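Paired with chain B in one complex and with chain C in the other, chain A is shared by the two complexes that follow.
Moving on, here comes the complex of A and B:
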């Protein structure tokens, strides 16, 4: 159809769609400055929600429910909602395990009034990404069922120990849900089980989700376009604060060393990993090295994992260290105009010239950074290079 | 907060205020200062009620001699209760701020059905039954009989009120219907009579339109209200129809049959009384000779509200001799009845004016105009004399006598139409005599003349200038206010074409067109897929809705829609509709989503609010013109043209657009709410239609959304709904559409506020 085409083309520029409302001409009558300003702001727009001194649920058990109903065929995300969602999910899974190494994740799909488990709760990103890749070909039919998917997740989540955080994240595209029973009862159950349910809506605000998230203490967002979708999804990477009423306890953990028997050692015998024995034998291979549980000496090739034999949580020390930054997040850098900077105008991190209007400086050591590096430091490094530098070189 | 409105100290019980509320109060103050009438339009959900109340109460406190009473008229019982609750909040704020205890008396008044606390009477289901039963317990002669015979049943609440309650005024405070009942129970007084008695000295009275507009009720309840009152008609966009309905009479053959039995009963009772107590009838006769002097005296002292049914001249005359005795009067009624029966035996439609009717009745049965005029009054007197307990039984004969009085009193503004059958069923004889009022100003004139200030206000009064014309009064202020918004929370779209470029319209020629019906179905189907929770769809009439839905069913569209949402339908039956509404809300609540198919001018379009998720979109299929072939309407249009120089087309469009605005306005009930308004008819794009929508809707229709296809509308809706789903907090509104006191007092804001009111 003729008039469809220009409409489609506009969607490409999703992020800028409303910019004319904020456009202002500068003295020379050019719009360039404001456009740059908008770009800059969108870069800067980062969620610096400082929780302050709260306890975070570091051990997370998260079920992601992906809607696979008819409405996922919609083409408003390219190439369609399902493919786009699954792709973003892959990135999310990676990021999730990167930031929360001692947590677990499972994926549930819902379509045709039913809910099915795509993957069980597990700490291995590979399995999830493989499953997600496979799911691209799913046929999207029927209506989703919120009730069934929540119920299915509860079945597993309710057996999780009380000190862990139980979460469900629903990616809902449909505006309707087909439930076998009253969902309000289920919401009460969720509340009593302290399961936090968050929803990302792909089309519009649905009342039942508002209630669901409000009651269970989760968050509810609706996407504007694909980049916003990604942003919202990444919000869920950060561990949420736990309610004060949740249990806390000391957990026994094992820190197995990775031991590789040298080939020259005659006594060394190749062996299977416990985790591979369970799954399809096609991947199972005899290896020489691995992680051995300090309690029962079962061998695993990957961490973190819960020992199949003695039930001990096995993690590696770097894993724990990596989740550490959530507890003591790096302070937000202060923004100031570039003109105020007295010294030479170079970024302390990338050594590039500071050309933007404003710079960002660390409140504790005072080093100046460009916006790109500020981004990188807060998102990936989680520590200020300037501070580290001053610590190590007195 | 405390506001300074043009030099008047106004207490406003909230910490924040909308700019338009401030502007509204300014206009209101001007109206009260000028002691004139006002027409004010402000969108629903912007706090009209509290603005009205806080300003008028402040005015009353500041100038207790200028304005003694506020009479607040609303439409339904829930609305009345809402107003009283707002008032309570305001009064609590007053006493907290000033530290004095509140010396205001404010109360709500409703029918006996809502106020009765008598264990047996209040258990009855229908209003009429309650009224009748109450009357049979409390009428003066019943109570007189009780002196002779103490075993007669009696209402102890009324007795207690009558002996004690009249001396002790109701203590100051705010009384909602339930508070009155509680108070009544505690004291053992009848709350209904207590309320009716107390409105005379109350500072604020909240009740229904009918207590002021319907001459039959107004005469009982409101006639002694002080002249220095401010009258507010809220939700007054339909006030002309209320006026007309209160003055119109429909007579069917069934009415006449019941009337016949009434007359027979009267005859028998007279016979009985004559044998037992002839003195009583003689006394009545003597009283009638004296004339209605008593009533006359009362009117002269300017205490009473003029009753439009009985003009002044009548009161000065005595009841004519021909109907003075009871038997003669009954004979007279019989003759009149027979005449009406003969008129209903017609085979073709008759339309005549009141003088024609009077001439005909004189020629045929020799009934003069004069006795007809006294008919209603004479019947009341007779019923009193005969001590008939259950008035409800005599509703038919009362109706006929009211008709007789009206028809002989007004030579202008009324028409008589006799239809032998309904237009839809020409084979079934069902004669009806419509005595129809065409001039709404007749019923409301006494109100305008009597009270110092009358304020007509609603969310949809556009175009403002038409109301003063059809109600025949001169307002001192007419203003329309827009809604200041921090985000554009309403999205009016005019869908003029289907995806196949077929023009969408409900006009008569294309009504049966398959392509149009299919495209309408397509629109609903596509919308059901992108709009969350509830959608309300309005059709122009029940017949049209039935046709379309049947056709959709055949084409399989309904089935497809039901995959997205459940479908509920409004029917003329009230119980069925309220059931459908309940289920509709449940479906919206638990995420299944629902569509309510209803009718413009129906119960849903007038009284039910669809806040937030209950109405995310309203679709108006077609332009809701009134059924133009109706003879009553034709007569009214002719009258409007001749008397007020309003062209037929202007009035029809005005009427259609105010109903359309009412329908789509159901979705937006506040600034945090949001909703789509879809006008599915290409005629809405024309300037004459669009220009008659309220300003707050009009200003959001941009040229780009005038003639959309279904696809384009879907695309815009998707975008809108996503935008609206983004978090919206109170802080976002502050300073823009929600103000603190400091913000309000800034110079810049005051300038902005001055622009909100749109004077006409």
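Moving on, here comes the complex of A and C:
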């Protein structure tokens, strides 16, 4: 019974840890199956309803607020909620900068009725990952404060230009919040500043979060378990569609060429990269090649980066092109019952036997895929394997 | 200097300093010490100069007080009066504690902040040495940008000044621990004390009245926890307790709250009763429902009263902090927990509340937020980039078909002729270029540079880079030049850059030339400076042209 449901098959390890859930299925099996069915349907809906050809907010300024209150010490996520959250956050940071190269991220923690910035808004994933690794040792104490953390984020976000998207993602595990003033006023302020707040709850639905996310246009979800938590986090990697009232403007960017030089060149000039010098580490090394800023000729070893000397955003063309699949998403595949398939029941992508009750076929090339491959193609690949192969054939 | 025209606040005799007996004087603006028998002060410090004071721990034989100045030096006073040394020292300490904060000048704080930043960040310190000490730029310019960072970092420092709400459970969180011998230990943090003061202003008043004149802090809190005021069973045991007044005030407050009643008809429990048509189909006289209000004085009602009172006080304290909420729909907007005066439920508010109570948004269809459509011309250009226009060789479509079939034919009949592909000399030179060590395979040997240049030279070069980067940052931040202030700044920065090149870069270049290092280490820096100069020239010429 466990193999048929696709979600369960992924979590065979979970099955060993939480053996009491197996017992639950026998007694009231329908309950578990219903929940899984709901999750599956919502995943499907997301694929179908993806926003094609709408304006997206690609330059994002996102603040992630992590709750470090007493309730994060709970052991329902292994080893405790805080460690699990921080680990997932590291993966989120990597994915976020992968999909949104010209965006920035900042992290705030809240505990003991106060909020504190862990890292400032920055475009470099290494800083954030280092800070997250260190934060595993924080003591979880006190109550979180929604008001103070939102206030702290607003102080920086309100200075961001109008054409960028301002977002806050709150990971809240406590059921209470201790605020110094009326949070309804703050919600009004957030709306006027066009900040979008989304919440991921770890315990249960809390009314103030529902109102907060509804008024600001964000989303609110409560996790079921660790893999669901990961899915919900990764939902926020995608750039959100803009509301009608944001401005648009031209953005100045530099596209430096990668220069490779060798010692035998006539004018070999070894140089330091400015970003390495600032970080006070011993990794600053003389190198010959690199990216030179077109405006001030400062050298950098990595892109994308904001030039420390002249303030120009330096990117390479593939960084911008990476976000095209958000603008031109892959069409949703048509669902049909498996029995209708005349030929051999093999998934075109993974070559596995088609055992689910429905298959998905690409509208242009007609190849059939199983459920898992359908999700994978739409979430990660962004192109149909059948269509690609059919193009190169003579 | 013994002119006692200043107001003397405290005189302590038998205070030794540097093994000399003397007297300590605390005045309005300074603290001074003079040796025994002499008329003048040998040690005198303004309160503004004192950074902090330290006292020797309680168990030690020598009772001392140390003053640490901003400059780092310290002065120690030893209280040697056999009978009253401890009292003297404590009196001096208390007075200092009250006086020192008044004199903390803001300017010192900034200086401290600057010092701290220089000490914490060696790169910054080096930059400071390179640029300011050698007169390349002035100290003001150096700190202009940094202090801007401080002031915004101040808001991070004002973490401590963040307004904090009051947790409803703060009293319960105190969690006394038994300390083994029939006693209880209460851990009080600053947070809890602040919460108590904000929620119960009466207690705050008592504190300011009694501490430090009658009781010490420790005694005050011990009495607080011992008093029945704190515990559940509030039996007022006469007037010995300083908190009995607070209890009486609370009682009064509770009574007034109850008298006011509840204005919101949706939660007013007292007015909810069954409205039935009695016998007689409503014609008969309806007896007013008399609710028996015999309040049983059981301990339960005392607890319930205390809980209600506590919650009301916490809510009131929260709203007391901010401005009076303009929201009409709020139910407990009052400045004092003991009275609720602002609930007026006009019909429109009531209607909204009723509407909320009968509808569930969750069950309604979710409204997708409106999205803005993308307006792209020629969107397939995104798939493969712009294609340059080429001149057409073919004039008719028949030409194209012919050429396609010709190419297909050629490709089908292709026979390789490997001996005619490349001449042998060309082939061997290509192979040598692609073998390790050849011309095109230099990427692997990049690491060698680090070994070729000695580390101290590298270190100096790093400092030069950081300094140049800082100067260039100031320079580039002036563009676009649209105010006269920026114009002046850009001209000044250019001269700074030239000065930097003269004073720092040239000597370094000469030094490495003397060491016979063949690699051009400063070439990149010169390029960066040259780019800045050319930008400046372009701007200058444009300005000239605009003026003429």
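Simple rule for what comes next: the second predicted complex is superposed on the first by the 301 of 394 C-alpha atoms of A that agree within 3 Å, B and C clash if a C-alpha of one lies under 4 Å from a C-alpha of the other, contacts with A are read in each partner's own complex, and residues count from 1 in each chain.
Everything that follows uses one rule, which is that a contact is a pair of C-beta atoms (placed from the backbone, for glycine too) under 8 Å apart; a residue touches a chain by one contact, two chains touch by 3 or more.
Keep in mind it's a predicted model, so treat the numbers as computed, not measured.
Once the two complexes are laid over each other on the shared chain, residue contacts for A:209 go to chain B alone; chain C is not touched. Shared-chain residue A:336: touches no atom of chain B or chain C. In the superposition on chain A, contact is made by A:297 with chain C only, not with chain B. Once chain A of one complex is fitted onto chain A of the other, the partner contacts of A:71 are limited to chain B, with no touch recorded for chain C.
When the two complexes are overlaid on their common chain A, residue A:182 makes contact with chain B and with chain C alike. By the touch criterion defined above, A:201 reaches chain B but does not reach chain C.
In the superposition on chain A, A:227 makes contact with neither chain B nor chain C. In the overlay built on the shared chain, the residue A:364 is in contact with neither chain B nor chain C. Touch criterion met: A:145 reaches chain C, while chain B stays clear of it. Counting the residues of chain A touched by each of chain B and chain C gives the higher count for C. Looking at chain A, you'll find residues 143, 176, 178-179, 182, 184 touch chain B in one structure and chain C in the other. Touching chain A in their complex are the following residues of chain C: 121-123, 155-156, 159, 162-167, 191, 318-319, 321-322, 325, 327, 330, 361, 369-374, 376, 379, 382, 439, 442-443, 445-446, 448-450, 453, 458, 461-462, 465-466, 469, 472-473, 476-477, 519-521, 523-525, 527-528, 531-532. Within the complex formed with chain C, the chain A residues making contact are 51, 53-55, 112-117, 142-143, 145, 147-148, 155, 176, 178-182, 184-185, 214, 217, 241-244, 260, 262-264, 267-272, 274, 277-278, 280, 284-289, 295-299, 308-311, 324, 327-328. Here chain B touches chain A in the complex through residues 499, 529-533, 563-565, 588-593, 612-613, 616, 709, 711-712, 715, 718, 721-727, going by the rule given at the top.
Chain A makes touch with chain B in their complex at residues 1, 3-4, 7, 70-71, 76, 143, 146, 175-179, 182-184, 201, 203-210, 221-224.
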